[in-house]
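Below, chain A partners chain B and then partners chain C, in two separate complexes.
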Partner chain A sequence: MNMMQDAKAAAMENALKISARGVDVFYGDTHAIKGVDVEIADKMVTAFIGPSGCGKSTFLRCLNRMNDTIDICRVTGQIQLDGEDIYEARVDPVQLRAKVGMVFQKPNPFPKSIYDNVAYGPRIHGLARDKAELDGIVEKSLRRAALWEEAKDRLNEPGTGLSGGQQQRLCIARAIATGPEVLLMDEPCSALDPIATAQVEQLIDELSSRFCVVIVTHSMAQASRVSQKTAFFHLGELVEFDDTDRIFTNPSDQRTESYITGRIG
Partner chain B sequence: MENQSHILRAFDRDLESIQAKIMKMGGLVEAAIAQAATALETQDADLAQAVRAGDKAIDALEHQVNEDAARILALRQPIAGDLRTVLTVFHLSGSLERMGDYAKNIAKRTGVLMAMAPINGSAKSLRRMARQVELMLKDALDAYIQRDADLAADVRARDLEVDQMYSALFREYLTFMMEDPRNITACMHLHFIAKNIERMGDHVTTIAEEVIYLVDGAYPDDDREKGDQTTQGGANGG
Partner chain C sequence: MTAAKSLLAADAHTRRRNAAEARFRAYGLAAVLVGIGALVLLLTTILGNGAGAFRQTYITIPVTLNADRLDPAGNRDPAEMAAVTTFGYAPMLAQALQQHLQVQGVAMDGIGPRDLMAIISQEAPAQTRAMVLANPDLLGQTLELEMLAGGRIDGYFKGRVTLETAERDANVSPAQLVLAQAMADAGMIETRFNWAFLTNPDASGQRPEAAGLGVAILGSLYMMLVVLVLALPIGVAAAIYLEEFAPKNRLTDVIEVNISNLAAVPSIVFGILGLAIFINFVGLPQSAPIVGGLVLTLMTLPTIIIATRAALGAVPPSIRSAALGLGASKMQSVFHHALPLAAPGILTGTIIGLAQALGETAPLLLIGMVAFVREFPAAPPEGLFDPTSALPVQVFNWTQRSDPAFVERAAGATIVLLVFLISMNLIAVLLRRRFERRW
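The block that comes next holds the complex of A and B.
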């Protein structure tokens, strides 16, 4: 697996997708993210780890401007997607989020049919000219989310009727239906059982050949299983960012070692 | 890292317990080396027999250590420094077990040698060589428990002296054998004993290298100077 990760890392070394420089985030008076610089490569999985409250989710939400929806939240510094500043005035956050999709901790399908859950994004963004094209997008998305075989005969049943693991894969299908380039995942497996978790991890691995995937996880084992790069956050700072196998075998920062080996929470 | 405990303290207890077993194994092996050399020098059949019998305890500890280490891997999923601690334990137990076997073999040959005419001064040189390895082992185990990579590097360098002693003995035995063929049987046994001690030195070197890996996260990559000249035609007497 390491050889595979190494090969993947080497091949993709130069394909920079997201670049953050000097990013600070404030919630009112609270300084939640402190001067984070990070470069995230395309077509691989980058994991953010760190104790609760370390800022990893906050930083993840900066990457598709989800923090815009919180009034007291202020983001400074620069975040570029493909060299373009995503916080520039002319950038439409809704368009940005179509390019940078997101999957949340708890599966949150819309109270609609499986089909409509997946078709929702393509419809509002006008990505399909007719029903046949929309059908095609729905099928392709469900296939990529490894849900097609289980869902193809019940596309008109409510998405909420699926099992937890299936619901999460439905949310992933919904997120990739708009043809995003980046997929942000905030603890996508923490509400799932081990089998559903393994299925989602397998899916993440497959998706990484097509997308830039950034995953926030509390599970160190999950970060080590699915990611090629790992960033360790602590108290709002990015402490260490390196190849995943390096972080989990011989990290350079004492705080990283203490956290991953279960010595500080 | 070592002075910071895990949030789950049972993990610390597991790691401490397994390292305590390694130290116990190390103590038994140190004693076995010293006793095997003494038995050879003083022609003490009882002591030699005790060394042979004592190897069972070392073997049993090796199995215990390996089972404990496997259990820690399965149940605690150690990573980073914790993982290196467990991986190192596997190597150390293996090396110590082999050293125990060499001590046992020396004790066996002691029994055979006692029935023969003594070779002048040979037991003393072997005793010195064994003493050197025993001290190296002691320091390697100290380096292990104190996570002292510098001391480990020092131990590693000292194996050169053991190799040189072995080369000298090799030449000496060769000379004795050429002088008088009746010496051949005894000298062959003595040579195997010297070789056993030289091998023990190699295992101590392995232990020292494991300590360096444990502390630094990487094995030393420089080539050590080798003092064993016997494979290069330099000790064939001609």
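The block that comes next holds the complex of A and C.
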């Protein structure tokens, strides 16, 4: 594992994918995120850690504008994806979300067949010209999500009939079927047992070779296992952002050290 | 220090708690039993009173259609034959009956010509006349005619009228009942299932045996059609907008509160509204199913809106997030995911709303649907503007008439109404099952 991380750390000159400048988020009068600057690189896993209520999920949801669906939420500052401001008036969040996929905390497959779950995104975005092409996308996505072998004989069975871990991998397959460039994962393993968690973590590691993956996690062990970069959030502020190895071995901020050693949070 | 308590003996506090629970269960069970008892009582009363309406007594005798009397001009022209009213037909039927009784050797002790006439329904001459006018070639022939028996004779064969009650009844004498029994023994009278109750229009107060629900069933059907076509799309669209798209502000709060209030407005108020707006202002005809349907639509809308909003609200937010996260637009997430999941709830709400509307009487009284209507309405859409009656109003109408045979008819109409309601609920349950299996 460490060898792999070193190899990836060596390739850290990855292209910059997302860059946030002075991002503030308000829920009504509550100042949830305070002046966050962060630069997220392509083709690697970036983890957001921090105690409950620190704003890490809120910040993640800014990256695909899911916060737009909350009436009282207001975002200021600048977030760029490939150099384009995603909060500019001309940007349609619908297009943005096809590019920036999301996997949620609790597996939430649609109450439809496995096939229809994966095919839904390509269908609404018109990615397939015919049935054969759609079949291809579904198979490729399920293979990338490491679910094809388990699901290929039951594509017409409801996605809700799968086990928790399989459901979460189905949700990942569904997210990558639209051909995104960024995958946001909001505590994707918190509802899974240890075996399913290990499978999903391995999957995340594989996905990072193709996508820019941003994962929010409660588990510091998970962050150290899957990520190359880690950001520590506390009380709405980005306290520290550095290579994962460094954060867990030699943090520069007192608060980070306190959290990692279990004194706060 | 208190002494150690044994688990084998319940202490005073536990005993009190258990006793309270046992009492509560007993109350609950008693409440359920009272409810079931009331329901059983209601159903047995209605079935006991109304079952008779589904059976009818008919007299079958050979009748010679006297051409000289029914077509004095002799040219078989229905327009001229119409000059002979039912008063021309009634004596002919009475004569035919008398002759047949003599041929069959049935004793007619103490029966005058007027008593004989009363055995046959007043509707029979009218029906015979309609038959002859429709087909003048029948004149001169001798046919086995099936005629309605009079209301009291019908009641005798259903057990509603007995020789004892006939003593005190100005409309029937025991001698007539004895004769009717003799006719039944001779095979001239039989009682069988009464399809006419479902297909005939209403009849006047003197002819309960001819009264049917045909016009009322059609009227109710037309109104339900109007309600379904208007209330379902408007209600569901309003609910989707309010639940999914409308901003949450003071204005939408006011709208929300008022929708809930509308659901509690007494139905007669909607009738006054309908009278003032649809009839007096817009100028739609009275007694028409279109007006009834519009008024019932107004009443049903809050029910459908509230049910649809509740059903949409019950769709887990995670499903919406999933769709939005994939880049579905707000509308796609509603129509592809939330609405199908809410469909069973919407369906149930709609059918409950329709069932309420079907049983509603008060607003219909105000818009003139209480009128006595014998003409069948045309097919929709023109028929929506023809005068009709409605099932609950027909029940109301019949309970006000003096002849006891109408009590039976009213209970029979109630049974028909209940059958409609139960089948609607059944359809709701079946459709809901199907939807839920698919999703």
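Assume the second predicted complex is superposed on the first by the 262 of 265 C-alpha atoms of A that agree within 3 Å, B and C clash if a C-alpha of one lies under 4 Å from a C-alpha of the other, contacts with A are read in each partner's own complex, and residues count from 1 in each chain.
One rule holds for everything that comes next: contacts are C-beta pairs under 8 Å (C-beta built on N, C-alpha and C of every residue); 3 or more make two chains touch, one makes a residue touch a chain.
On a predicted model such as this, the values are computed, not experimentally measured, just so you know.
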Touched partner set for A:63, first chain B, second chain C, both or neither: neither
Touched partner set for A:262, first chain B, second chain C, both or neither: first
Which superposed partner A:220 touches (first chain B, second chain C, both, neither): first
Which of chain B and chain C A:248 touches, first, second, both or neither: first
Chain A: partner with more touched residues, chain B or chain C: C
Touch list for chain C against partner chain A, complex: 247-248, 316, 318-329, 332, 336-337, 341, 439
List of chain A residues in touch with chain C within their complex: 64, 66, 69, 71, 94-98, 101-102, 104, 106, 108-112, 120-121, 124-125, 171, 174-175, 178
Parts of chain B lying in touch with chain A, wherever the complex brings them together: 1, 4-8, 11, 77-84, 217-218
Partner chain B, residues of chain A touching it in the complex: 220-221, 224, 248-251, 254, 257-258, 260-265
